[in-house]
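Same chain, two partners: chain A is paired with chain B first, then with chain C.
== the complex of A and B ==
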């Protein structure tokens, strides 16, 4: 099936005028499938993290929303273990006038402003409401652990002091290890 | 026969009493003026009129698709006249207000602009919707920009090409089943597409589906309306029973298509059991029945920690895997008391063994109790299905009977009514068992069980007569018997239902569990 003009135009524009902090590159063998990265917003616990996502444009796009999923683990009340995202514009509030660009910006905004009142992962959301400081700590630990592979060793080392310490005896030390599955 | 007659007359006077009791009750609920039943003429007359209605019946009305359409049109016309707005806008406003005409008119009178905005009608301009070709226009959805591209925009000014509009609408209508609240395709624009704009943009089959869905929203938006759940039935039913009354009444309604269902929960007729009980029972049955049967047949509980244990081989010396309690599978007593009689329990009464068996019996008894009611419930369900098969054969039987005995069509109709009585009575009986399962033991329950027993016996007797072959059915005597039994069954059913409905309305049943 020929690629609709709309998708070609959108792809061209994403390449020509990329959004700062966001990249979206279509696969060579499937132009409806995009490899996406989103940088964590500065004022959020995801700062310095770079998150991989996959984005797929279904056949009836733009009448139906694109399918988007986080591939990098992230501690966020509206994103679950499998990387699925709870965001209104990806579901009921989708409009065919929205674009890949606007959707990715909305996701970036969601990282900056988690919404624990409309949770996807109830445990994370509960933590976010009951003890926001600790939740943010946890999110930072996850960012350090999963979101910073793109950096070289030296760059990472420089940032070490920005992240909660995970020395033995610190409760976050154990939690980060458990959540990683390596005990 | 005479004893039965006496019995019947006794019952009917009781029935009258019950009816009157319930009428007084209804009177006080319906009109607050009659808190004390004064024996004035007007009131007792009202009583007589109401006496025809059974206490377990509710008022309802069946509407066919054309009635629903007419009702909607009537409301739209009314608003159109009173508020002096276009019919299309009136329809959108009414849908926005969930067909609450009074509230719409009141709100609109107070602040028309705000109401229009909220309903997605925005500042109103003039002129009918039309397609336009605009020079230099690029559609934001498909990015087409060729010359001569037909486009459309509502009053909000968000313009898209006709083919995108068409795809958008067909996605909304066909895939999402939306109609009354389809918004402008532009992001964040709340403007709603009206029927006239839609007619301009889509093909005939979509238009048809759209109007069908619009009619649906009318019924779905109104609190007192529900669709008949029978397959292929297009009727809707209006019934004034509110959700909070559902623990007091079992609002059973009958559609013109003959389907009888509960207005509260849409399930098939489940009198006399109230909706909450039905829900609980069905869940219990789905969860427990087969498992419970198996457990009952194949396992015992550990005498110490009550874990359920299946003995799938080996000797009688059991060691509970959970609490490590050692006991004998045969007598359930302590293994240590068995001394040297290993692997073969021939001991009869030992204190620890009988205590353990007592405890086990107690935990079993609740399971057995459930199975007792469940088996009877399932049995009636099954029998009702079998009776339904017979009902399908009844037609054939009636024709055979006509040729065999020379009876006319009208003379063999009794088979039809017998078959129908069997069906409804079995349906009722089925639910009496679910009902009884949750009842606490007291005098009322005993009366209920007597009623249940009478109905059950009558139904079984009728069922047996009904199965006889054509030559026997041709006898006049059997015909009379069947007709008598049919009447009797129906009467017993009514008595049972009235009894339960009255007690439910007065809140006098006591339950074995909380709801």
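== the complex of A and C ==
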């Protein structure tokens, strides 16, 4: 099936004027399939993390929303173990006037503002409501474990103090809490 | 059938080795209509549905023109089209635009597709019924019609509305029916308009050389480049060679005329390849030639050197500017200065062109920025702290002053009462005035008789407050 002009235009624009903190590159053998990375927003527990996603434009795009999935593990109430995302504009609130870049921006915003009232992973959401401090700590631990492979050893070392370790009694735990203003 | 000149201009920044995927939107859909007599432009013609130029049927006998259906979404527009004329759904200039109740414009096909998925406006999500769509204002149509677009065949820039007529009637690169269509046998092939004044060449013919049967129209190409039997004497050496191998042969033919090897530097001698060595001995350029070649090489390498040096120079200038600006900012902490100075010796070293240095420089700059940001924040914070402290101490001070004044007032009262008591004692006992009571009458005159004194006291206490 021929590639609609709109997809070509969107791809060109994504390449020519990329959104800061977001990259989307089409696959060589299938221009409807994109490799996406999204940087965790500052002032979120996902800061310094870089998340890989896959994005697929179905045949009737833009009438139907693109399919997006996180490939990097992430601790977030609206993203489940398989990387599926609970976001209204990806489902019922999709509009053909939305584009790849706007969708990716929405996902980045979702990282900055988790919505535990409309959860996809009930356990994470429960934690997020009951003990937000601990949930944010957990999210940071996951960011450190899964979302920072793109950094070199030295850079990771520099950032180590920003991230708590797994044990709650650890001194970094408190430091992490202070640094994101949760105390 | 259609070249894709538009494609060549399309920037392909992504690893797009799959031109075939992209070229498809640029295809022109040429279709033949039964009757060309009544062919007013209708919107349905603009939609791209038929993929091929297959189905042919008779139009007016004298007319060889074909009807071209253009996919207006696939053509290339001149420059950047105004965003207000671009459909938010297909991101192309509107095609048959319609207006919604909420004042948004879409292509009819796009909004129809959207409405089949949900009855709301794609922009503001207001409810939208299909029958509420109205044709967009004439002005929009006029603006769209005057958009310049490239003819997909001859790449000429034309108003979008005139493109179809241009292809059907005038474009020399567009396809028309072969003139043989009008003959009895009715040739069904197509030719470019530019060559349509010839006769129909679409009949099978035998190649006179190889007895292969091919279409007459392709005979020339076949005989010149493909035929494996066609012999031809070489233009130079008279030897019979295969026509399709002629160019290879000429490159090696000993009788072919070749110019002197120093032609590049001015020798105009030309001779047959086999005689060229005779000239080589007499050539005036024989001694200059190698020299010139050497010099050329030298000049090229020097040019490269100069370019490299210019780049280095640029880099060092930047570095100097950076250092100068660093010195100007005198409140910059020492470590940063040291760091940038440590970077300086590297600048003069040979491999200073390394792009890594640029990176380091930018790193330093960002660090400097961050630092100045931090210091600004620090002073901000300091200011805030002072304010807070001030705010907190002010009420305390006020309170203190108040207490002090009250205390003074009570002091006065006590003193007054004491004097009063002492006077009373004096009166009661009628004793001679002692040293302690010598002040008594004065005090009595001072305190007992004059109430305004207390006010003076409060005045003084007020003074205390303002001093605080």
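Definition applied: the second predicted complex is superposed on the first by the 165 of 183 C-alpha atoms of A that agree within 3 Å, B and C clash if a C-alpha of one lies under 4 Å from a C-alpha of the other, contacts with A are read in each partner's own complex, and residues count from 1 in each chain.
Note that contacts are C-beta pairs under 8 Å (C-beta built on N, C-alpha and C of every residue); 3 or more make two chains touch, one makes a residue touch a chain.
Since the structure is predicted, the reported quantities are computational estimates derived from the model, not experimental observations.
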{"item": "Combined model on chain A where chain B meets chain C, clash or fit", "value": "clash"}
{"item": "Chain B versus chain C, judged by how many residues of chain A each one touches", "value": "C"}
{"item": "Chain B versus chain C as contact partner of A:26, first or second or both or neither", "value": "second"}
{"item": "First, second, both or neither for A:71, with chain B first and chain C second", "value": "neither"}
{"item": "Which of chain B and chain C A:129 touches, first, second, both or neither", "value": "neither"}
{"item": "Which of chain B and chain C A:109 touches, first, second, both or neither", "value": "neither"}
{"item": "First (chain B), second (chain C), both or neither touched by A:159", "value": "neither"}
{"item": "Overlap of the chain B and chain C footprints on chain A, listed as residue numbers", "value": "4-6, 8-9, 60, 62-64, 95-97"}
{"item": "Residue ranges of chain C in contact with chain A within the complex", "value": "10-11, 13-18, 21-22, 24-25, 73-74, 88-92, 110, 113-114, 116-117, 120, 122-123, 125"}
{"item": "In the complex, chain A residues that touch chain B", "value": "4-6, 8-9, 60, 62-64, 89, 95-98, 102"}
{"item": "Complex contact set, residues of chain A against chain C", "value": "2-6, 8-12, 15-16, 25-26, 28-29, 31, 60, 62-64, 93, 95-97"}
{"item": "Complex contacts: residues of chain B adjacent to chain A", "value": "140-144, 158, 160, 164, 167-168, 171, 175, 185-189"}
